[in-house]
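Read through the structure below, which is laid out as structure tokens, and then see the notes.
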Amino acid sequence: MPQRPSPLTQIPADIVCAEDYERWAERNMSSAVFAHLSEGSVADTTLRANRRAFERHAIYNRILVAGDHGSTELMLCGQRFRHPFLLAPVAHQGLFHADAELASAQAANALEAGLVLSTLSSTRLEEVAAQTQAPRWFQLYFQASKNATLSLVRRAEAAGYGAIVVTLDVPVHGVRRSSQRLGFTLPAHLNAVNLKDIDDGPTRAISRDDSTVFQGYMADAPTWEDLAWLLKSTTLPVLVKGVTHPDDALRLQSLGVAGIIVSTHGGRALDGGMASLDALPAIRQAVGPDLTLLLDSGVRSGTDVFKAIALGANAVMIGRPYIYALATAGALGVAHLLRILRDELEITMAQAGCLHINDIGPHTLFSPSHLC
Amino acid sequence: MPQRPSPLTQIPADIVCAEDYERWAERNMSSAVFAHLSEGSVADTTLRANRRAFERHAIYNRILVAGDHGSTELMLCGQRFRHPFLLAPVAHQGLFHADAELASAQAANALEAGLVLSTLSSTRLEEVAAQTQAPRWFQLYFQASKNATLSLVRRAEAAGYGAIVVTLDVPVHGVRRSSQRLGFTLPAHLNAVNLKDIDDGPTRAISRDDSTVFQGYMADAPTWEDLAWLLKSTTLPVLVKGVTHPDDALRLQSLGVAGIIVSTHGGRALDGGMASLDALPAIRQAVGPDLTLLLDSGVRSGTDVFKAIALGANAVMIGRPYIYALATAGALGVAHLLRILRDELEITMAQAGCLHINDIGPHTLFSPSHLC
Amino acid sequence: MPQRPSPLTQIPADIVCAEDYERWAERNMSSAVFAHLSEGSVADTTLRANRRAFERHAIYNRILVAGDHGSTELMLCGQRFRHPFLLAPVAHQGLFHADAELASAQAANALEAGLVLSTLSSTRLEEVAAQTQAPRWFQLYFQASKNATLSLVRRAEAAGYGAIVVTLDVPVHGVRRSSQRLGFTLPAHLNAVNLKDIDDGPTRAISRDDSTVFQGYMADAPTWEDLAWLLKSTTLPVLVKGVTHPDDALRLQSLGVAGIIVSTHGGRALDGGMASLDALPAIRQAVGPDLTLLLDSGVRSGTDVFKAIALGANAVMIGRPYIYALATAGALGVAHLLRILRDELEITMAQAGCLHINDIGPHTLFSPSHLC
Amino acid sequence: MPQRPSPLTQIPADIVCAEDYERWAERNMSSAVFAHLSEGSVADTTLRANRRAFERHAIYNRILVAGDHGSTELMLCGQRFRHPFLLAPVAHQGLFHADAELASAQAANALEAGLVLSTLSSTRLEEVAAQTQAPRWFQLYFQASKNATLSLVRRAEAAGYGAIVVTLDVPVHGVRRSSQRLGFTLPAHLNAVNLKDIDDGPTRAISRDDSTVFQGYMADAPTWEDLAWLLKSTTLPVLVKGVTHPDDALRLQSLGVAGIIVSTHGGRALDGGMASLDALPAIRQAVGPDLTLLLDSGVRSGTDVFKAIALGANAVMIGRPYIYALATAGALGVAHLLRILRDELEITMAQAGCLHINDIGPHTLFSPSHLC
């Protein structure tokens, strides 16, 4: 294996946007790890759709709007955010940089961005919490037993996480062709530290003729009852991640979730062409103006953030881009990336005549049918 | 001629989907045989359309659907199928692997997939039937004389085929530019063994000024009367393959066919841009919910299968992909391919919240006009 | 200048369609001549549109249509044609092959295709007529003086041409960037022989401040009065070539033309994106079912011919493809090309269930909006 | 740094259109300067949209329109223009050619094209005015203080500029990734000479926690009151440049501006996908037939000019193309480019049956939905 370059300690002048970090990161990883990070699922249709969707909307520039009170501040689930950006939960960050989630947390602190820590983090959730001043939420995967799930929730509460984000779009593991071709496997030392001492009960036995999908994964997948139980089991606001159907959104709303994250898991769960951004308007329309909606999957610039907000999101989460930055230059890279996105968003808002996040709405977009 | 690699006896780790088999197969064949297998007709417009059509529909992911009773079982023409996949009739499989149709049958047995044997198989229909436990149907080309046609039907009945699939979309041979350019011809030893002892009557003489198409092929092409005769001549269910117009579907239904296969012959018959998948919804709408509809042409993944079923098919047939697998690794390859497709379908169903084939319907799709 | 290969005297097996002739022809010509032949005008938008337009329509295959009476015969302006193909008027064929228009005529004879001779032919119109048994029409460019125009018409009548095709879409010479870049000029020996002894009157003087377009070309361009005069001056049927607007078509119809050729001059006149095929339906709708309509520009296969007829044309003209064939293999090449197109059309008709040209109509097409 | 070729003193035969000048110019500049000139902003979405928009409209060719009175003359804000072309304001032309704005002016004189001089010209506005006989306007950027702004206006009035063009679409500097990556900076000797002796007051101090966009640029950006003040402060006609929203257009109209320039600043201001041409029809519809509307961004040929006028513009401005010509061959290049565009426009008009600018309108276009 050729020696990989070590992460940078200074940002080169030719990194000026999220895509530049992707190019740099590719050089800093083995091709199997890069495949694991960059791939979607099956034929990557949703992965591509997530990018193209943003091209279907144009932004009106507006003139002669001025003032010194502009800001990107906003409230989400009762918590104040400086910008509408959160770092999405990305598992096993030790794969990408020795500092792993602690580097991401450091950058979030510096730029006052929200951070959502994955159940599958390489760093214990308590350790990350201790290092994070920025708003932090905990992403929860239901464990096979309620006890195991509850113990994660209790630890998150105790560590001071401000909300639980339950991810529900991967009842089965997606089909990941590229990393499978390159034989990607998680290195042994990168086990899921948060789950280390968790007793998840006996594994269900499936017979030779059974389907691993149906008699395996789906037999144990979480249900609406499980979610209702979770909502009752914690006083933290609970957001659900991985929703694209308005009916699911409505049912979640009536169940009392604090928010919904419209997401295709970055195109890594169900493949088939639905972009998160395309799913967003119908969901906003279904749940009305008040429920907190976040969007992720495919956000790569401040322009994209603007469009997501205009179409109904309160804020967005960023996935791969910050991991590319992490792999390239650790905490410094992630902070730089967040700075770029923030600048791009502010410039876009200024040009669109929006001095506050609340000024951004459907009326700021031009979405003719030919933009498809 | 350079020595071709022999078929594999083990599946390399980098074959993870149908398209991978296509790449491998290209190395295992002469370019003329590969052209013959992969090409469409005229300008390959329909060939391409068959793939693009699947991109016009996206699948909703649904959350919190769980249970241990999921399955892909279904009934077709009164017969039970473990999965909604059949191996499409592909002529002269001796071109691609020494074991020819027997390898395909072996794989169908192993994976419990349906098999449709071509009139033009390289192996006698009786021999294939004897080796096949999986549901098997016989694909019939009308012969010039009714006697010849009838003798094929009687043999299929005797050998235990469960249905007759009459292919009607090639009254004339399609325009096959690529294989013509490379001078593809069927090797002498690969004659159509099923037709060996069949007396098909004298060939029609056409005069110098006649058109080989109109006074040749079309003068002898089958008619609605011929089909009606066939339906009366056998007790087996008869399905018609090669339909894209709803009016034809309706007329077939009133004639009493057991099912219709919406197909463009993999883009090898009429060129001109109509994808099988695009033709499907109008045909389902015309014939109502009960008539058995299959689709083929362009299916390459479990996602595609899901979409075809959502748009009205009961099941699909797979053509070239299994032949690519056959050429690459014989029965082992075909079985592996079927396993991949089955896994992809089950995963897609799980992610879409469908635990049974019947749960898949138009409501599971998002098909906005911009997905075109 | 490198030695060009001489035209072939036998057709290589790898020429199986019109596009193959284009590739071969490119090798048989200087790049300047190839540029002159293949280019469109300005940014080649219309050139490209002419091809893409055919992809917006798909053809339904139909089943169980048979019979021995199929044929492609048709009547145009009272004259019988074996096939709905005419060789479009293409100037200066001496550029492409020593036998020039005589080779084209020989091929038209052999395949019974119609031939339209350009005013600017390299061979005298009388000489071509003497060698042509196939239906032949004369393409007329208005000359600056009525006398000159009339003398061409009289010669065409005397030589036995069956119709006059007046081309009206080039009042000014189009912008031809590629050939201009490569410095294409007509070789001195290829003057327009038909215009040799024609006295076209004094040239109009334009002042230094005048526009060569407006005070030059347009001051002398033909008018509706000129066309009315022409119609009265000959007993031959007069067709007008170069129409895309339905209002022009209607006015031509009421003036009494025998037919209209919907054409963009192969994308060589006005650039700007209108495909001939896109203009056709509105024109057929405007003029009703009876007026003879031809289409040219972009026809490359029998499938294209079928679509043009389905959208309202009675027949089509082929431009560049036969010139590519001429440059590649003289009369033999042109005959081969016509044979290919005829076969492709017959096969397409058979597959679409059309045994006669009259069976082809809008109902044979599937033209959903996503095919754009 | 490799030696760049010096500007040409003669036009090579292979420059025949605007795009050719772009290719030549790329060789005549450092890559950083070329990036600065050619780039858009953020992801260049609007840059690309500006070109693609023209492909969504096709032009009808019309036949038998003739006459010797054709012309491209028009009136704009009471001033006579020979052609509907103006050279757009482009800053710092000293970057591209030693003669800078004087070369552009010389070409404008020769071809009687309008010229709009940038506030940020490399040549003093008085010097340019003295060399320009062609219609000339002054492009104004609001300065931080009214005094500074007013002094520019007074100087423009005194120098004989015929109108003020206030550019309002860059309240903040756009995100320019390419030139940033290549480290482009303005050479020290190319300071903005017009602003040299201007006292623009103290710079606003912003605190460490402030946003440079919101508390910096936007705090000082011009307002509707500032524009009203400007309109009252000069007797020259005032046009506003950089409008895409019909509501802004309406408000400007009621404020009494002399005209509006529908522009995306060549894709260099707000990125996000809106083409100037796409914004034009709604603005023409909002302001009615009488208000002067210009369009720029993406115009590259006479065909484009025709389409812009057909969709509601009175005239167009050309940006980068003339700068490419300037860099390639100085005044000679710019004059040649203008000649090409003028010829292309006249030829297009002739082919479309329009002998005057007023004949060009929506009825000359065919804009079906498939042209997208």
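Quick notes
Should a chain be cited, it is by its letter among A, B, C and D, assigned in written order, with residues numbered from 1 in that chain.
Following the convention adopted for this analysis, a residue touches a chain if its C-beta (ideal position, glycine included) is under 8 Å from a C-beta of that chain, and two chains touch if they have at least 3 such contacts.
In UniProt terms the chains read A, B, C, D = Alpha-hydroxy-acid oxidizing protein.
Predicted model only: the values in this text are computed from it and were never measured.
Between chain A and chain C, the least number of touch steps comes to 2. Homomeric contact chain A/chain B is classed as different-residue, with under half of its interface positions used by both copies. Per the C-alpha superposition, chain B sits rotated 90 degrees relative to chain C, a value rounded to a multiple of 5.
Note on chain placement: the centre of chain A and the centre of chain D lie 41 Å apart, centres being C-alpha means. With centres set at the average Cα position, the gap from chain B to chain D is 59 Å. Residue positions of chain C touching 2 or more other chains: 369, 372. If you check the complex, the residues on chain B that touch chain C are 42-43, 45-46, 49, 56, 168-175, 177, 180-183, 211, 213-215, 217-224, 226-227, 240, 242-245, 248, 264, 269-275, 278-279, 369, 372. Across the interface of their complex, chain A is touched by residues 13-14, 16-17, 20, 55, 57-72, 300-303, 306-307, 343-344, 346-352, 355, 366, 368-372 of chain B.
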